[in-house]
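What follows is a short report on a single structure.
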Amino acid sequence: MLEVRNLKVSYDGVLAVSRVNLQVGKGKLVALVGGNGNGKSTTLRAIAGLNAADEGEIRFNDTEIKNVPAHKRVPMGLCLVPEGRRLFARLTVERNLELGAYTRDDPREIQESIDQIYSLFPILKERRHQLAGTMSGGEQQMLAIGRGMMSRPKLLLLDEPSWGIAPKFVAKVLDTIQLVNQQGVSVLLVEQSLHKALAIADYGYVIQTGRIVMEGTGQELLNNEDIKKAYLGL
Amino acid sequence: MSFEIVLQTLASGLLIGLIYALVAVGLTMIFGVMDIVNFSHGEFLMFGMYSSFWLYALYALDPLFTLPLTALFLFGLGVMVYKLVISKIINAPMVSQLFTTFGLMLLFRGIAQFLWKPDFRSVDKSVVSGGVSVAGFQIGLPQVVAGVGAILVTAGVYLFLTRTKAGAALEATAADKDAARLMGIDSQKMFALAWGIGAACAGVAGALLSTFFPIFPEVGANFILIAFVVVNLGGFGSIIGALIAGVLVGVIEVMGGFLLGPQYKLAIVLALFLAVLMFRPQGLLGKA
Amino acid sequence: MTLLHVKNVTKKFGGITANQDVSFEVGAGKIVGLIGPNGAGKTTMFNCIAGYFPPTAGEIWLNGKKISGMTPEQCARAGVGRTFQVARTFTSMTALENVMVGAFLKDRHVGRARSISTNLLNFVNLGRFRDKPAGSMTISEQRRLAVARALAVQPELLLMDEVMAGLNPTEVKDMVDVVLRIREKGISCLIVEHVLEGIMPIADAIVVLDYGKKIADGKPADVSNNPQVIAAYLGEE
Amino acid sequence: MNNKTSLSASTGPAPAPHGKSRLGLIVSVVAIIAAFFVPLVVDSPAHQNVAILILMAAQMGVAWNIVGGYAGQVSLGHVAFYGIGAYTSTLLMTQWGINPWLGMLAGGVLAAVISVLIGWPCFRLKGHYFTMATIAVAEIVQIIFTNWEFAGAAVGITLPMDQQGWGALIFSSKVPYYYIALGLLLLTLLANLLIERSYLGYYFRAIKDEPDAARSLGVNLGTYKQVAFAVSSFFTALGGSLYAQKELYIDPTSVLGTGLSIKMALVSILGGIGTLAGPVIGAGVLTTIDEGTRILFGGSGLGTDLIIYAALIIVIAVYYPTGVMGWIKNFLARRNARQASLEKGE
Amino acid sequence: QQEIKIGVIYPLTGAAASTGAEMKHALELAADIINNGTKEAPTLPFAAGGGLPNLKGAKIKLVFADHQGNPQVGASEAERLITQEKVVALVGAYFSNVTATASQVSERYKIPFLNPESSSSTLTQRNFKYFFRTTPHDDLFVHNFFQFFKDIEAKKGVKVKQLGTFNENTLWGNETTKLETKLSQEMGYNVVKTITYPAKSTQLTSEVQTLKAANPQVVMQSSYLGDAILSMKTYKELGFSPDMILANNAGFTDTEFRRTLGKDADYVITREVWSPDLAKNNPLIKQVNDLFNSRYKIDFTGNSARTFTGLMTIADAINRAGSVEPEAIRKALIETDIPGSKLIMPWKGIKFDAAGQNTLGSGILVQIIDGKYNTVWPFDIATKDVVWPMPKWDQRK
């Protein structure tokens, strides 16, 4: 479904990602893990089209999308829930959700999706007329995830979805992701709670200083000694 | 001072205020969506006036009938300005944006002077001319038509922004253009649209003005300061705010000038404007 | 000895009550965790303590001085340092300069402020970013930078809002180290954190908020066994 | 917990601020020395006049830059202070025969005082609202002067030319004006340099970037914005006094017109906002373009000069949004990066 | 062959650019006549062509500069023209405030400055040695207004009592207002309303409203073109019909004023210094105007005619000086004595007093009737009888 080859991205001439190779199969849940500042977000942004790739290939459903502008990747079925949420702070919660469905047309179906999100995160329903920017950190994160799902993506890119979410809810968020995945949506997940992420992932990649240094199934990685030492603090 | 004079003054203020509103709507729209202050907005107005004038002078078409054409022409101009210039400075610091639109202002004036000479022109025989006298006071017919036009256009823009999908997309782009792209919104297109509509509003205002205001390359200078005050007073980005503020400014200007001395009419408007900002730093209808 | 005393603080936004009649204390040289579900009112409490919102009701005292009603800059002078949930970095300045802005509160001398700040950057393990534009750091790095910056005002109480979010367990451990060393300097810490591995082991006390109200208060071990806390926040594990 | 770090200051000498600034230092010293010799080399008064215009524009820009660039409070009403400077020294001299040097100082102080009256309410406004409020204030000031009989109203004031020399600050030669303008510019630059290097410079930039965060570090926004505003208006007013002494005629349109406010900002932006040398470079470029296009194309009456001038402004703003200084920095950074990557063998 | 450079400073861009363009044309025509001669106006000085005879046929070369309406730019340009272009004299600058700064520069350099059309009376009160002005100034013009009142009272038996002033808030408007107020008091007229309005207004409703409320018999108005047009439209719209609008030149004499307003411009009386119908008294006027018209497709106006005369005057002085030394030119200027018959102006001639002011200049009043300017005062040179009062708006056809 998604295939990234030799991806290279830089900021103002400084390389942030060099040589990233990864694949996400149809209906799979793939995790991308790594330490702080190693290029996870940059990789996701490049896939979504927010950062231009200097070199390499990004193939989505067998089409090369490297030069497709970000907004045209959405109707193709690609959606990124970005780091730092990037909500429309001055708009209401509901308006944010509606905008998530910008590429969709049928108002009734859109309403259904909104209701689905509301049942998933009841607080959003309660606060649907509050301005997104005044919601608490965790509430905003839920809204960001919800908004991302509104476009009915085929591949969902999630950048640290559990950021700032209370422990009780982290499980719920991850459950939700799994649920979405089981409904046929492929997921590429960047997550810091490694054990939780790798536990639900079909496959995982480890990124270090802009390169993929290790890959394997979730369980393999969890049991790897190097990983335990470097990332799990064991 | 008689009651009639008060009524008369109010009416005149209201009518010119509606024009201010229309000029300001375009400005506030561009600001609201892009956070860019367009110094060259008065020149869009000027181009609108010249467009009406030339259609009138060359083909004897009345500005009122060519209004859609003028609007279309200015829309195109706005889009073109966006594509050629503004799109390159979206991420630049606020001051360089000011600088660019200021340069555009000078450029447009220079171009107008180059193409059409510094002469004053006017549309002398419009289908609407002269005045009507209602209940003892007189108002100019062109002004009335312009006022009605201003209300219609403002309402149209408002409905477009609040009731259509494109309006929502504009709003989203305004809030966070990267996030909007992630929703599948073509932010470039939205910005171009904002400039198109903004310029078209100014163009329509110019067309409506051309039936009673002299036309010359620097005419924008007469309106731009007032337009800025109106946009601010209404709250940057607020269409309804611009409408209310426009009328308010028009009435205060005429009334204040009449009561306290015409030489201070602008000072009165500005002072009241500052006073309002002290209590509502975000303007009347602006969001904090 | 109590350093911070929050007395019956209530904060409302229009119809929403973000904090309701919350009271707790932070002892001198102690680490206190402030936890609770999303939207419980933790960040709001921080904003009240640091002077960003005046409480709707109640009072806040620091070191025997009433600080509720003060402006943020007065609170900073009174000894409150803070970080923000959204990083709020001075993006056009380097990492070092960011910290120096804080250091100037106590010492206007540029050279001294610079050396204090260099030390602080190393202290939070960001030494290598010293002369880099702070805007190019990742979000989690920027939050750590904010810790150094807040430390530079030489506070008596440091408020940290989710500085461990976005860190993997190893990095969390490093950050825990940093927090412990802050306490060693005699600075009290009030920490909002969802990463429990980061806060539970080191906190001297935990305060739990839910829907704006305090539902528990005490030693970490007690709090984590409190059924109400489990139901509202921790979830069954 | 091995590497214990001390929070207290180490008393050793502070490391040099920026290694790269050494080049800047050399260039500046050479430029300043060269500036002293300009009138000796350039003997045409018209060219000297252009040089003076550049220095005066630079001085305005440097003064504006303190509040508009460093502190990020974009004032487009600074001409009010310029006018206050011009009118104060002129009125003091024509009405009471007070020496223009004193008048200049008085104008500066008065402008600073008035800046407090303006700043106190206006600094509650943010971004474009602040900018617009400053424009409004300046317009009001202009209207007041246009109608104020004592200050010559719209007619303006002609300065008497009967006394000349350093005491009266009026000369028939251009050279003294050149050195006065240069001295004023250097003084303004010095003030700017001291600010930039002191805590104030850091505070100003912090306020510009993230006012809320600055507050958490004990920075009182109102106070420090006001400090920047007052210093800036003080120096702007000095420039205004010099204008009056040089042109010997002032009226509301020439020393209180909005165009001048914009020019102050333009000069800084063009050169590089929030940098020391930026406005000076900007003034050089802008004045040259301005004078050049007018001299080359202004006689035609077709507005060609305006078109070329405007087009140049736009091109510069679009392609070098951070000004000449930004371009230089970028250039150096890129070169360094290239060298670094060469060394790494990438 | 020698070339004599004369610097000319006018507003070639900016708000007054259209007037600037007319004056530029007038100067070009004058220079061309001097250099190449003309057969159409044989009695005009230098009509033989071939440059300045006393300087071995040296040609005049005009060096144009644009002051953009900005006093500082005016001064810089003067500085440049004098020191760079080495001009021997300056001509300019239309706007009184620019003339003020530019002539200050020429005074410092001891270069003659000939001002053909700025009317601020203060300009010749500065004790300048190198400043000469051919046009009469506002003092005289305003006096003309009141003389006209006296004359028309005597001739037509109308009583002018209530005056209103309507002047823009600039140097020019302000000085005029002061003079008008002063003279009304001296001559027993009652000013019922004094309005100074900000130039470049978007609307003049409040002003006209105020004026209308005061109900003056005659409005004395000083406005540039845009405001002149706007005010006339507002008068009509608000139905304000005074007995007479007595305009102080500027916008009201601009070609565009009539073209724009058409019939609505009729009956306005404006102070002038020149009018084509004066050709009746002086054939030169028609000849030169025809030349101008055939070349630029426009007629002379008061401004361009004065500017033309200005250049002729300086050329005359240089020729008599027989030298390009500024000092010699100044001397020659002081001795200037051109008779009225050699001018295209309705003046008795040109002769400067110690302050540099031409003492033989005078003004006329013209009234627009059927879209044409007709000299109506002084009565002895009038080409048409004055229409008084002007018809009310609703009684016009």
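The first chain written gets the first letter, and so on, giving A, B, C, D and E; residue counts start at 1 in each chain.
In this text, contacts are C-beta pairs under 8 Å (C-beta built on N, C-alpha and C of every residue); 3 or more make two chains touch, one makes a residue touch a chain.
In this text, all values refer to a predicted model and were calculated from it rather than measured experimentally.
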For this session: Identify the chains in contact with chain A as well as chain D, in label order.
Result: B, C
Exercise. Of the other chains, whose C-alpha centre is the longest way from the centre of chain A?
Worked result: E
Exercise. More C-beta contacts across B-D or across A-C?
Worked result: B-D
Exercise. By mean C-alpha coordinates, which chain is most distant from chain B?
Worked result: C
Seminar exercise, completed: Expressed in whole Å, how far the mean CA point of chain A lies from that of chain C is 28
Problem set entry | Computed distance of Cα centres, chain E from chain D, in Å | 40
Seminar exercise, completed: Rounded to the nearest Å, the gap between Cα centres of chain B and chain C is 48
Problem set entry | Per-residue multi-chain contacts in chain A, two or more chains | 12, 14
For this session: Name the residues of chain E that each touch 2 or more other chains.
Result: 13, 17, 20-21, 169, 196, 198
For this session: Give me the residues of chain B that touch two or more other chains.
Result: 110, 113, 118, 217, 263, 266
Seminar exercise, completed: Within their complex, chain D touches chain E through residues 44-47, 49-50, 53, 143, 146-147, 153-156, 158, 161, 172, 243, 247-249, 251, 253-254, 291, 294-295, 298-301, 303, 305-306
Problem set entry | Parts of chain C lying in touch with chain D, wherever the complex brings them together | 50-52, 71-73, 76-77, 81-82, 84, 88-93, 97, 100-102, 104-105, 107-108, 110-116, 119-120, 122-123, 146, 149-154, 177, 180-181, 185
For this session: Report the residues of chain E in contact with chain B in the complex, numbered from low to high.
Result: 13-18, 20-21, 169, 195-198, 200-207, 209-210, 213, 225-226, 229-230, 233, 236-239, 254, 256, 260-262
Problem set entry | Sites on chain C touched by chain A in the complex | 13, 16, 36-40, 42-43, 85-86, 136-141, 162, 165-173, 194, 196, 232-235
Problem set entry | chain A residues touching chain B - in the complex, by the definition given at the top | 48-50, 69-75, 79-80, 82, 86-91, 95, 98-100, 102-103, 147, 151
